[in-house]
Amino acid sequence: MNKTPVGILGATGVVGQRFVQLLDDHPWFEVSCLAASNRSAGQRYGESCDWHLPGRMPARAADMTVNPIQDLGDAPLYFSALPTEIAGQIESRLASRGAIVCSNAAAHRLDPDVPLIIPEVNLDHFELLTVQKARRGWEGALICSPNCSATQLTLALKPIQERFGIEAIMVTTLQALSGAGYPGVASMDIAGNVIPYIAGEEEKIQKEVIKLLGEQAGGEVTPADCSVSATCTRVAVREGHLMSVSLKMRENASLETLEASMAEFRPGELVSGLPSTPEIPIHVSVQRNRPQPVLDLLAGQGMAVSIGRLRACPVLDVQFIVLGHNTIRGAAGGAIHNAECVHALGWLDGC
Amino acid sequence: MNKTPVGILGATGVVGQRFVQLLDDHPWFEVSCLAASNRSAGQRYGESCDWHLPGRMPARAADMTVNPIQDLGDAPLYFSALPTEIAGQIESRLASRGAIVCSNAAAHRLDPDVPLIIPEVNLDHFELLTVQKARRGWEGALICSPNCSATQLTLALKPIQERFGIEAIMVTTLQALSGAGYPGVASMDIAGNVIPYIAGEEEKIQKEVIKLLGEQAGGEVTPADCSVSATCTRVAVREGHLMSVSLKMRENASLETLEASMAEFRPGELVSGLPSTPEIPIHVSVQRNRPQPVLDLLAGQGMAVSIGRLRACPVLDVQFIVLGHNTIRGAAGGAIHNAECVHALGWLDGC
Amino acid sequence: MNKTPVGILGATGVVGQRFVQLLDDHPWFEVSCLAASNRSAGQRYGESCDWHLPGRMPARAADMTVNPIQDLGDAPLYFSALPTEIAGQIESRLASRGAIVCSNAAAHRLDPDVPLIIPEVNLDHFELLTVQKARRGWEGALICSPNCSATQLTLALKPIQERFGIEAIMVTTLQALSGAGYPGVASMDIAGNVIPYIAGEEEKIQKEVIKLLGEQAGGEVTPADCSVSATCTRVAVREGHLMSVSLKMRENASLETLEASMAEFRPGELVSGLPSTPEIPIHVSVQRNRPQPVLDLLAGQGMAVSIGRLRACPVLDVQFIVLGHNTIRGAAGGAIHNAECVHALGWLDGC
Amino acid sequence: MNKTPVGILGATGVVGQRFVQLLDDHPWFEVSCLAASNRSAGQRYGESCDWHLPGRMPARAADMTVNPIQDLGDAPLYFSALPTEIAGQIESRLASRGAIVCSNAAAHRLDPDVPLIIPEVNLDHFELLTVQKARRGWEGALICSPNCSATQLTLALKPIQERFGIEAIMVTTLQALSGAGYPGVASMDIAGNVIPYIAGEEEKIQKEVIKLLGEQAGGEVTPADCSVSATCTRVAVREGHLMSVSLKMRENASLETLEASMAEFRPGELVSGLPSTPEIPIHVSVQRNRPQPVLDLLAGQGMAVSIGRLRACPVLDVQFIVLGHNTIRGAAGGAIHNAECVHALGWLDGC
């Protein structure tokens, strides 16, 4: 099989580098274009980019020349790790002229005709593309992956919501440094410290989770009827967002039943067959002091979430801890996963 | 004025060292006995104790000889930083033979006839001593200071509860390393990591907060009618517990009113005159990314708490961040503060 | 090919866990015995052992029952990660009754008839085994791998010493937490801090490096005629020792020649064919702020060392930075590498 | 006594904030001008400046309006924490029109007619001002304080050089985050990591130390005849540079004599009387794992250096560890100390 050529927008940032790393040996996709700001354009990727990930930069990428954002070639598929403020326009332009854009940027996530997808959670939201096509007249399509925290929280909640319903969600996050990109958080601000605020993050979680858990009919999503309260903090962890979650449920369920519904959660057939789908999407820790970022980050190659400490909540109904990999499942890996759905659905065939 | 001689039980641990540091220049008290386990007993304090606090060990303490726990002399006042499992008996014995014991240990905190005191919060709970004396026949008395997290949370909540009532409290803590004592948390467990569990901590918060906020009448405390849900995590911060708090209130109040009630909270006259009472018990941060452990830890010389980010909670009613110094306000400083009350009430006079 | 059954002594510690991890899929060896202190003996490994490494504990090991140190079965090959104080006797007993023991413990490293081996550096030191056998009358044999810091320093120095001679070595180390085992360094001691002392470490480096670089003839090693000065510090890094090294050389060599001699250094044929031998033993960083623990730790799957910043030294002759993985190349991986030599030399055949 | 009004150039940076903090209650100086880049100019200092130091911003400074660099008023004394690239010109202009400038910037440190001063070390280098005045025709004067690492190293070495002579110095530094200013080092670069390179730092140490230890005669300094080799690394410590130092000496001296010469080192009468002079400039640690940044940073209120682990060096002659506070003794405190000399010498009288 010939691999589909793909472009990466914002290739030199922390999430861009994750795209490069995760796509290095991808069975279906092959990087044909690395695009970044004008400062980097024209240089070899290996020179223009300070590599922040453990392990070597993939040799193939290192030798590619960085494209300017103005000249993106004509790949059938693009991944976007662009800053929100410029993502909107560039992504629209690419989609309008026929490309599929799988974006990790926030610009279009809440547009009513843009599918915000976690494959295991809401595959049927791809139906929004029919509205998108009709309304915008694009040849291509734009698909978004959610905010890192929203992704892992929603994946963990899906089996509970599906079976028992969720009325309210309270979450306090302890988020990793990589989530702020590079240079991101100054070391003087976070060394031995906690910062109890992340600009924009709480709103994203509150809005994206209810879209993700919302019901789709006729290409329209009705947000889930569920209050969401989020408090976001930054801690001195390199990768891995940890969350303390409490839920008010619609139906009673024993802790055993809830735990089983999470542990046994499996995606449908199409999603199960994708290269990036973890065999077990939700790992349930048995030790009472888990999950932890350092130890559990790479569950399912960084595509699974881990939960632990499931117990009754004296104020709402149940509470537990969730951990996920913010730059794999919560960013680059999530967008690639979405592109794999697109591929499996046959939408890249004509390209 | 002659200073009252005091003994410190468990003087070589992290909290014991804080007692030594905070009492070094105390206007009312003077350390006359440093007691620790048999391993240290008989040695100079300066030799038996690895000092873990920034700054030098006080010279006067360094030259004292450490007493064994079996031989505590006859000071009229003792501070206890003993491990819970041995604290109970030793503290009782001292109180029975006439000493006032201000304990930071957990052993007796929930005993119905033991006052659990935060001076700005529940000074009237000292009334439990009449019951304690009657029931136990002790010459002396035992007074407890609460768990570190319970202390700072309750101090922040007091003005709200007093004026508007609190129906439910949800809290997720990000707690400092010093709270686990020494050697405490292994560096391999916490470096670049978060541990989402602290043994016994959640129960302590849930039970102590409602005793502290409870109503006292006739020497008996009726716990506050309020659900408390706590999730405790450990982060790689040296000192300072940070908390994400949400409240369900009994009466509506605007955010402005709530903030003012916290900012303007002042203790009564007796407490205001104590050496350790902070001028402003609750500091309200104006910057939206505060309070932070590194920057705000020493508000009120470590005896005030700092709050910030007061805002509406989409699930309960309001939410905010609380920060306090866990080994000053939350441990040694709190117990000394209680002893200052005892002194101001004249109960040390006869000793 | 049937795999050789091997035992791991001290299997629950940090280095023991690395042995378990690295041997999980080893092409030549298969773990048949996991031995640890009596506290763990009799339990499933998965229960008795708090796993400290990223990623899951290998399932096969998790299900094995831990042997007590008194009952080690009769594997032909043992790896020892025992504490020095008990390693000496146990290792001798196993070797005397016929086993090959590849030890990472310090007990016997400096014994004149015990080969202290880094395969790429001094394969000919295996000749000491003839003296060992003659002198001790053992059926089996004892082979040691060096101290973690000595290993990576010596591997980096070998090509220079070989071609130009080294008269003096000055090294200051910045060592990782994992080197102290578990629980090892208390978090209160190292959080945001540096400890400029590691008990015994400087002596080990000073003595082991000259044995490793020494000349072997007739089963005897004459230590290299080279002064070694080591200052060892501990920093808050999880894995990876970094070193600042300066050398006084016997012969002049340009920086280019020196760098080439390190970059082009390759082991002989037998060693090149071993499963754990890195293709490039010494990675030379081109960026001036490298190597760094987080970014370069896994060069050669943790079996290569990385050097950088090679430059003239105003006091001695040349200086550079060295980084190595202290629990892979510097401990478990090094001992396994030695066992692979033993296997390739045919000494396990009769077992 | 009326206090001398002083201006702070670069008042919003990390070193500028230290100036503000240390001058808040200074007995001789009073801040009359806070100058910073145009971005901050015109705003209240309290608003324009994110305070990075533990404890509150001094209230008096918070209320001052920030001056632009173009309008510095006419204080008789200025402290400069400007970036090197703009410091040169601005400092010269101020000195030319009559002000005394005590600079912490690197721009003029090596100018032959600019005194580079550590009061306890080379007070006589102030004599260079006669040449400076003659050559430049300035009404005022420019005095520099050295690089942070050079300062603490030289202070520790002075008594040894004075009594026994030093032929060569080898130093490897482990430097704190605050030395890089703000935002300085990205947290993703340093969390759980070491960076073995600091741009320009090694050259500064190598050149400044020999000027500081050089002999002054007739307003000219002959650099000390001493080779200096420096390797500089960055570690995840907030404040406090730690150094591993080895020396080749000109005369033999026992370790006891050397230690005594450091412990007993006292400045002359004029310097002893200055407000910022530490009573004991060089603290000698008795514990073998000291000094450490967290525990020993504040020796002499951050104006003393601490040394420890003095021992023979197998390659050179002796070696030891040095620790100093890089933003107090090594930056703002050092420049203030120099200004106190100027004041004590009577040179501010006419202003």
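In order of appearance the chains are A, B, C and D, and numbering begins at 1 in each one.
The definition used in the following text is that a contact is a pair of C-beta atoms (placed from the backbone, for glycine too) under 8 Å apart; a residue touches a chain by one contact, two chains touch by 3 or more.
Model, not experiment: these values are computed from the prediction.
S.K.: Give me the chains shared as neighbours by chain B and chain C.
M.R.: Touching chain B and chain C alike, sorted by label: A, D.
S.K.: Among the chains, which is located farthest from chain A on the basis of C-alpha centroids?
M.R.: The most distant chain relative to chain A turns out to be D.
S.K.: Quick check: how many Å separate the C-alpha centres of chain A and chain C?
M.R.: 40
S.K.: Can you check how far apart chain A and chain B are, centre to centre, with Cα atoms defining each centre and the answer in Å?
M.R.: Chain A and chain B have C-alpha centres separated by 42 Å.
S.K.: Averaging over Cα atoms per chain, report the distance between chain A and chain D in Å.
M.R.: Each chain's C-alpha centroid was found; their separation is 48 Å.
S.K.: Multi-chain contacts only, two chains or more: what residues does chain D have there?
M.R.: 52, 191-192, 236-238, 294-295
S.K.: For the complex, which residues does chain C have touching chain A?
M.R.: Residues in contact with chain A: 51-55, 191-192, 238, 294-295, 297-298.
S.K.: Where on chain C is chain D touching in the complex?
M.R.: By the definition above, chain C touches chain D via 168-170, 172, 174, 191-197, 206, 227-229, 231, 233, 235-238, 242, 244, 246, 248, 288-295, 308-309, 313-316, 319, 321.
S.K.: Give the list of chain B residues in touch with chain C in this complex.
M.R.: Where chain B meets chain C, its residues are 14, 52, 177-178, 182-192, 236-238.
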